[in-house]
Structure formats: structure tokens, C-alpha cells
Amino acid sequence: MKTRSLVAGLALALLTSTAAHAGDVRIMWYSDGVEGEVMKDLVGRFMKENPGISVILDNVAYSVIKEQLPVQLEAGNGPDIARVTAIKELSKHWLDLRPLVKDAKYWDDNFGSQADWMRPDGSNQISGFMTQITLTGGYANKTLFDQAGVPIPGPKATWEDWAAASKKVQESQQVPFAMAIDRSGHRITAPLLSYGANYVGSDGKPAPLDKGAKDYLTKFVGWADDGTVSKDVWVSAAGSTYRAAADDFINGQLAFYYSGSWQVANLATKIGNNFDWVAVGSPCGPAACTGMPGGAALVAVKYTKNQEDVATVMDWFAQEKIVKEFSERTLFLPGHKAVVDKGGLDFKSDNEQAKAALNVFVESTKTTSEAALKLPGWRWSDTVYAAIVTRIGQTLAGELKIDDAFTRIDADIAQKVKDAGK
Amino acid sequence: MPLAPFDLPLKGGDRLGALSRLHMPSHFGGGETTKFDGNGGEDTTMTTPSLSAILMAPINAIMRIIDAPLRRLQKATGIGGMAAFFLAPNMLIFGIFVLLPLVINFVYSMTGGTAFFLSERDFIGGAQYSRLFECQNYLDPMSCQEDAFWTAVGNTFWFVVLQVSLMILTALITALILNRELAARSFWRAVFFFPVLLSPVVVGLIWKWILQRQGLLNFGLYQFGMDPYTWLTDRSWTFAATIGVSLWAHMGFYALIILAGLQAIPKDLYEAAEMDGTKPARVFWRITLPLLAPNLLVVVVLALIKSVQVFDEIYVLTGGGPGTSTLFLTQYIYETGFASALRNPGLAAAASILMGGVLVVLTLIQLGIGKRGENKGKR
Amino acid sequence: MGKVARFILRRKGGKGWHWTDVFTWVWLVGGLIIMFGPAVWLVFSSLKTPAALAEFPPSILPYVTSQATVEGYDKPLMLYDAKMPDGSTRVLAEVRRIGLVAQMVDPKAPGEIFKVNINDRAPVRTMSFATENYTEPFVHFDFLRYLWNSVFVTVVATVITLVVNSMAAFALSKYEFKGRSLAMLVILATLMVPLSVIMVPLYSIISTLGLFNSLWGVILPTVATPTGVFILRQYMLTIPDELIDAARMDKASEWQIYWRIVLPLTAPALAVLAIFSVVWRWNDFLWPLIVLSRRELYTLQVGLSIYSGELNVQWHFILAMTVVTMIPVVLVFIFLQRFITTGIAGTGLK
């Protein structure tokens, strides 16, 4: 048995001889659609232009980024670069690229507005850049609306207008659902902000749910009870698990679907030519007509052994033409100011509706409220999202009354703040 | 596929000859009386001795090499010491990779804070435990501070009670049926064992696709003129589904263990009963069940331990929903310790220690009952 | 045919149906449908396109809308059964759909354009197997490398499991020593600790031992299985002690006794444990996921999970690759399954 393990060990050593030498940069990447292939292609081009640096793209499931990566980072391990969504929460692990990149001003100009989303409070470091900005917004099944003879509400329409219109469409066309929102605290924050909710207390810590939040949530639960809003997707999991209502929309069983810009590619592929669909921006509330921004960022990790090479890679991918190409091929919204301002993105899709939808989203980014823009940079956002989603999910399942839910949400958040201590 | 026996460096072929006339229990080579012949040579029943000898030769050689130092070890420690040597690798691995984390977990449960690693956490004694137990009414999860924990406890309790009893029942029936004079027995065995081969994620996925609103089950009902129903958004039906899916995935495993136990019951007992004209029901209760009892105990212990820890397939199937109606303990621990943004690893560690404690108590009780039954049954 | 009928209808009482026969029949057929049915459906679903997967009502067999090339149009057009104003139904090809009205032409005589309301047409469906679900992942990722890693982990882990567990079972069955019951209780206790509960401490240990990102880190913690020790121990208990005493009298060392007497006699139980070990290691997901973050080390199950993104899960690939990863396990099972009953037979005693 000893000889056997020796031989096996040798074989393994040979197999894994790609273990770290200098000049190696590992990127931990997850994909929602075709980003993996696009990145592979771009990485290949980078390596042709920079023969001394070997970039290895490790494709992983999203759950690895969400659950394993934080543990790895705490242990001082992890990749050199990662595509991450919880950028604020893990901000203490990101490398400060400011002294390492070629032109810090370029970074400040083009990525400055989201820089706070990925650095610790009060710091000035450059941690990375957004691979895409996502924006929440609604989709309507135009064919259903046309068949029902109901006009699609205009850009200033409120949530109540949409509820009423979708309900009419539902009754006329006999589809199972009028409206649906993804099971996500981030998603439902958009209407909450439109109703004037403010999560952030005066001390920077979470404040208890205010009138704006309670108003919308009460309405939301009411709509779920009377069948306007689909319960299915919120009730289908426990805790803060994410669930999307996309399938119902794709099947033409939903009149109005509130999700976000990342769905465009998915919808285009799966709906095909079955019916007409349009992106409609975010419905209005008494306070604003805003969506919630979000997205994933490509960040450099502090524990890398290869800081200069990492900076070279980041600089290359942050170039305007590369960002533009990435966005056009993946059908994602770019997070690069110059690219957005210049406009004229030529999204690589055959689907006219997809292109139109993406342009609607690009336009909507201009009406995002201040509060919405600040939230991703606030360290307690994820906590608040998780608490809301968990408790409202239980309310919709009939386990909690709405007032108890509010108390519980405040308690959950307060407990988490307390646990974090300092 | 028995391994070819090798030359035994024994003197005195006579003793081996005497050994060879020992009656071996029937499950060794199906009635053959020997594998060793007096010359310490090859198994006479092998048809291609040269091929297997060639395959085994290098391993043979390695074993001979290992034998020399081990003989010396044996001289030093005696036969009893060799027991420790044989046990060592297993216990070492258990120790490092299971027991040590368990101990760390225990220490973890007495700490607070948000850091992952033990050295950065603060010691707070039993505060996590007292937080778990802070309840006005233990039967009403909503009156507790950690309502999710008590909901999970309640759900797990009902799941275990229902699933284990149904599992034993269906596994027993299946084993009894498979024990009959069926044609193509291997095929039927494979049919019932097949789901055990699937990974839990696949199991959860398949059933989710069948039970979801746009799933196969509803489609079937629709064809038969019945109304489709949203099974997975109904709390009771979803709970029933978790039990059903869990049964589907594991029943074959336990059925096979019981089947083996059934096949070990000597056939002459049944023949004698048949000659006496005993009714099949009486045969079952008086012959089959008592002789099967030890085997059944093993099955019950295993089934209970596994069902308290249920997680993977349910997580994929329902995610704990609707609401929290299928939230079980392991998922609670996983989410509180790891996955949720509201994570609290110390609390999760405390919950896991409690779960482990309950399991230990349950198992000891069962083993105790089993031992008593054994003593009673001894004639 | 008569033989087959007799084969199927063999009954307990020779003639006449005993209620146990009916029950047996029902149970077996029901079992076949319930156990195999979903797997068959899995295979068919893996051959569907993503759009077909999302549709309701779902079809068991993979269907897509038929297409035909029509003169004068570059791309193939979809075919529909369209209801004409006079009530008859014709097969027409759709040129484009504008709002509620579809413009359609007769594929054979493409001159005239018919305007048909979208509610008056139904797609013509044919069976189509989306085999690209199986081929594309091979292109996207390093399937062969993952396959090699999975095979390596499974084979090595199984071999080590068999050796280590049989050694422990031998010690626990054939030796009397003070700590025996304690050792058995400890082993039983390890059954009660699910992985998800000890994940973080285990991660620290792996990291400290330097086994992070190594296939050995995947293999070593999994080789000491309590179930394995119990199965083997039960079987070894039935080996007559006289055999071992006689060998001892002949100055065989304990190692020789283990290797040359006990192990060959335990072969059926070893086969059983081998099957279980192969199934467990092949399907292991959470543990390799924790230990491996370098893609050249991924096992198949971990590699598959890359299709689960944050916001979209690419089911068609996951289903297809699930079927592929199922195949080796099924093959191993078919090959070794005759040993299962002979193997577990010994463990049922005592």
C-alpha cells in the first residue's frame, strides 16, 4: 500500500504541476449565461498580448462564490481575482489597486460612482470594477395586454395602476397570474424605496421599518391574498433563498413581471417569437419611480502573491473597448461611465425585443434615486434584504401575520447588528 | 469473484487438511466445504487460476514485504497490540476528520461574534444555548426567540416519526416480496435499489420537476380530467412530498438489508411449518419476525439516524418552503451557520450539538432495547 | 408466448390467485413505474431544448415545432396548423408575427400571404432530440479532466476504504480488548455527524494540514466509513474462530491471517462495500466543493455545478450531464449487484 500511494502521489504531482508559479493569475468566475465563454475568449486574447502572464479561469457555481469564498478569504486563501456580488460585505479582503494600476484617474472617472460599493467605509481604495450593472425593472407581456384590450401603463404609472391593469388582463385572458416579483429582498427594495422607505438610520445602522416600507409591504401582502401577485415564487422556499418567477413569464402565464436587466438574454432565448414582450422600467410610488441597481464586480484579492500581474490583468479588462465588447456579447449593462455616456451599444442579439428592452434599461439608469444608488454601498443592505425576504415569505405562506412580520424583521436585523458587535 | 488464496507458509499440511473438513456456513461459496486443500495450494474450484494469480502477484509481493516489519511489531506488542494496529488507521481518520471538528464545534458553540475562525471569536459561555431555549411556550415556535429553530425541531420530529415507520413498513413488504420465488429476481432487486444510486441533488431535481405546478404530475391529472394543483405551495402536501421522496430514494437500501436477513433464515423452518399446515400469517409472526429482529434493529437505528439528518434532497426539492413548513434541523444549521446573510455560526454550532445529543440518546435507547430483546430471545 | 405467460404468472398456490399473489404483482408493477418512471423522464428531459423544458404543459418526449424551408425565404420557417376562415385546417408556415396577427404562407405555394390570428393556430410538433445538450458541455469545459479526477478519487478512495475498514472490522470482530465497546460507540457516533454541520471546523483542519486544493484532501476524510465497518464486522463475525486459532498455531502472523484468511472469506461483503463506496464517492458533492477551488482538480459533480449561476440555472446542460454521470454508477451496480444479497446475507446474523 505504501508503494501504491507513492506512485499515486507522483502521478498527482505531475497532474497538478500547474500549481502556483509566479506569473499565474487565477480568476474565480461564475456564469449566469454566456459570460463564461466570453471571458474564456477574452482571457485568451489577453494572454496573447501579455505572454508572460498566465491567466487561469476557474468556473464555479454561484453558491461557491456566496458560501465558500468568504470562508477561504477569512483563512487567507482564495483566488487572485474573483467575480463577486457581496462586494461590500467582504470589502476588507480586497486589494488596493490604487498604487498598482497604470492610471488611477481613469479608474476614478469611469468607475468612481460604484467604487464605494466595494470598499470599506471611509477608505479610498480601488478594489475593482463592476462587470455589469444590473437594474431592476418590469417586463410586460404585450401580446396578452393587446389581446385583452388593456393599454400598457405609461412610464409614470404607479404600482396600483400596474396591479389594476394586470388584473384586468388576467381576468380577460384567463392566465394564472397577474403580477409577480422575484423572491428577493433586493428586488422588493425598489418599490419600497419608491414608497419612501429609508433603511439607513441616522447613525448609519439599520433603522426600524418606516411608514413607506410598511405601506408597500402591506399592499404587497394584500395583493398576494387577493391573487393579483403570484404567491408561488415567494412561498416556495424558506429563509433567504432566491427564487425567480421567470418561468411563468416565459410560459405566457404572467402579465407583468418585476425582475431586472439580467433577464433579457434569458427571456430572449426562451420566449423566442412566442409573444411580444417589453421592458417598462420601474413603476412609481408616492416618492420615486426607481429601480435598484446591483451587479457583480471583478475584484482583486488582498492575499494574492502576484500583485503586479493582477493589476495588469485588471487594467486590461477595464479598458473601455473591452468593457464595451463584454457588455455587447453578454447582453449586460456596462458599469463604465464613458461607455454608458457615449451610448450606441450594439448588443449582439438577433432578437429585436431584446435590444429594445436593453435600451429601455439603459435609459432607466438615469432615473435611479439617490437612496437606491447608495444602498449597495451600505454594509447592512444584505442583512435587511435577508430579513425582509424571510419574514414576508412566511407571511405569504400564512405562518405570520403582517404586524408580527414587521416586529420580527426589526428584531432579526437588530440581532444581527448586535452580533456583529463592533 | 473470490480472491485466490495464496500459499500459506505453514508446516504440517495435515492440520490444514483437518481445517478443510470444517463445515463452513452456507454463505461462504455456496456449499463448498473448503477453499484450502492440504497442500496449502490453489483453490480447486477456480477455473482460470493462472490469470488471477498473475493479477494478484504484485499485490502478493507487496503483502509479503509488509509482513516482515509487522511480524516484528507483533513480537513487540503481542496479539492484543496488533488489534490496536488494525484499528489505528480508521480511528486516526475518524479522529482527525470527524471527532476533532466535533470538539471544535462544541467549543464554537460557546463563542459569539461574526468571525469564522475560532481564534477570533469571544467566549460567551452558554449564551447561545440559552438563546435557543428562550421560549414562552415550547410547543408554539412563534413564541420563541429563535422561532426558526423550534419550527425545525417540530418539523424534524414529525418527519422522523412518519418517515421511519413508513420506511420500515415498505422496506419490509418489499423484502418479503423479493424473497419469494420470483422470476428475474435480480431485475426486481435492481428496480427497487435503483434510486439509491442517484445523488440526492438529482433526486430532489427529478421530483421537483414532477411535482411543480407545471410538472408531470399535474399534467397527468389534467389528462385524466382532474384539476391540477399547486402541490409544492401547499404546506401539508409539501410535507407529505418530502416524506414520499425520501422514501423513494432510500427504501431500496433498507429493503436489501432486510432481504439479506430474510435469506439467512434457514429454509427448513419454513418447510417444517408448511408441512404442519401453518397459516402464512402465523409463520410470519412466529418464525420470520423473531429471527429477523436483530437485522430489523440495525435497519431501524440506521434509518433513524439518517432521517434526523435529512437535508440534501429536501433542500433541492422544497428549499424549506412553503414558508418554513419543510425546514428541517440540518438545513437550519446550514443556513444559520453558513449560507444566510443573517448567519450566526455560534448559534448554529449550539444547535448542532443539541441535535447530536438527541441522536446519541435515541441510539443508546434503541441499542438498549435491542440488547434486552436479544437476552430475552436466547433459548 | 405460453412460456412467458407462465413465467409472469407464476403463483404461490400453483392454481388460483392467493391474495398475496395479487398484492405482489401490484407492488412489483407499481414499484417499476414509480422507481424507474422518473429516471426515464429524466433521460427524455435531458434531450429537450431550454425553451421546451420551461413550457407547460410538459411533454414526456422531447418535441419542437417543425420547421420547413420555403422558397424565397432564407431561414427555415415554423409550421403551424392554422384554422382558415372557412373552418378547415391547413398546414402553413409562419413568416412573421406582428402583434396578434401572424402572416403565414403555404410552404408548397409561397405566393399568397394569409393573415391568421395567433389564437387560431397551433404548432406542428415533431420529436427532436437536442443532443447538443450532451455535446456542448464537452466543448465548454474540460470534461475528460473532470472525469479523470472523479475516477481517480472514486477508485483510490474505494481501495483505501476497503483496506482501512476491513482492518478495523477485523480488530473489532476477532479480538477481545478493553476499549472494544467504546471504539464501537465512537464509530457509531461518527454516523451522527452530518457534513454540513462540521463544515467550518473541517475547513480549518484541511487548511492546516495543507490538503486544500488537493485530491487527497477529497479522498482522505471520506475513507473511514462507519457503515462500512459495521457491514464488514457483521460478516467477519461469522468466520469460525477455529480457523484463525489454527492458523495462529501454525505461526501465521496476524497480518497474514488478516490478508490470507479473513479477507478472502469476506469477499462478498467487500463487494457490497465497494459498491456503496463507489456510489458515495462518485456522487460526493459538498465535500469536493469545499476542498477544491482549482478547476483542473474538479470532480464531475463539482464541474457540473458551474451551470448553476446566481440568477439563471442552465437546466438543459445539468440534466444531460446528470444522465452522463449516472451511467458509470449504474454500470458498476449492474456488474457487482449479484454480490449484494450474498454479501449482506452474512451481516444480517447477530
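Order as written gives the chain letters A, B and C; numbering starts at 1 within each chain.
The rule is simple: a contact is a pair of C-beta atoms (placed from the backbone, for glycine too) under 8 Å apart; a residue touches a chain by one contact, two chains touch by 3 or more.
The structure displayed is predicted, hence computed values, not measured ones.
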Margin query: Of the chain pairs B-C and A-B, which one is connected by the greater count of C-beta contacts?
Written below: B-C
Next item on the list: Name the most central chain, where centre means the mean of Cα atoms.
Entry: C
Next item on the list: Measure off the straight-line distance from the CA centroid of subunit A to the CA centroid of subunit C, and report it in whole Å.
Entry: 33
Margin query: Please tell me the distance, in whole Å, between the geometric centres of subunit B and subunit C computed from their C-alpha atoms.
Written below: 18
Check: Quick one: subunit A and subunit B, Cα centre-to-centre, how many Å?
Finding: 41
Next item on the list: Could you tell me which residues belong to subunit A and also touch two or more other chains?
Entry: 1, 4, 66, 71, 75, 247, 251
Item checked: Shared-contact residues (touching 2 or more other chains) in subunit B -> 66, 116-117, 213-214, 338
Notebook entry, point to check: So which bits of subunit C are touching at least two other chains?
Noted result: 55-56, 200, 204
Check: In the complex of these two chains, what residues of subunit A are touching subunit C?
Finding: 1, 4, 8-9, 12, 15-16, 18, 26, 28, 30-33, 36-37, 56-66, 68, 71-72, 75, 77-79, 85, 142-143, 146-147, 242, 244, 246-247, 250-251, 253, 262-263, 266, 269-273, 276, 296
Item checked: Residues of subunit C defined as touching subunit A within the complex -> 50-51, 54-56, 78, 97, 99-100, 118-119, 140-141, 152, 156, 159, 163, 200, 203-204, 207, 212, 214-216, 289-290, 293-297, 305-312, 314
Check: For the complex, which residues does subunit B have touching subunit A?
Finding: 62, 66, 112-117, 122, 142, 147-148, 213-214, 230, 232-233, 235, 318-327, 331, 335, 338-342, 344
Notebook entry, point to check: What residues on subunit A touch subunit B, complex-wise?
Noted result: 1-4, 66-67, 70-71, 74-75, 89, 231-232, 235-241, 243, 247, 251, 382-383, 385-387, 390, 393-394, 396-400, 404, 408, 412, 415-416, 419-421
Checklist line | Complex interface listing, subunit C residues touching subunit B | finding: 7-8, 10, 12, 20, 23-24, 27-28, 31-32, 34-36, 38-39, 41-42, 45, 55-58, 60, 164-165, 167-168, 170-172, 175, 177, 183, 186-194, 196-202, 204-205, 209, 220-221, 223-224, 227, 229-230, 238, 240, 242-243, 246-256, 258-260, 263-265, 267-268, 271, 279, 283, 285, 301, 318-319, 322, 325-326, 329-330, 333-334, 337-350
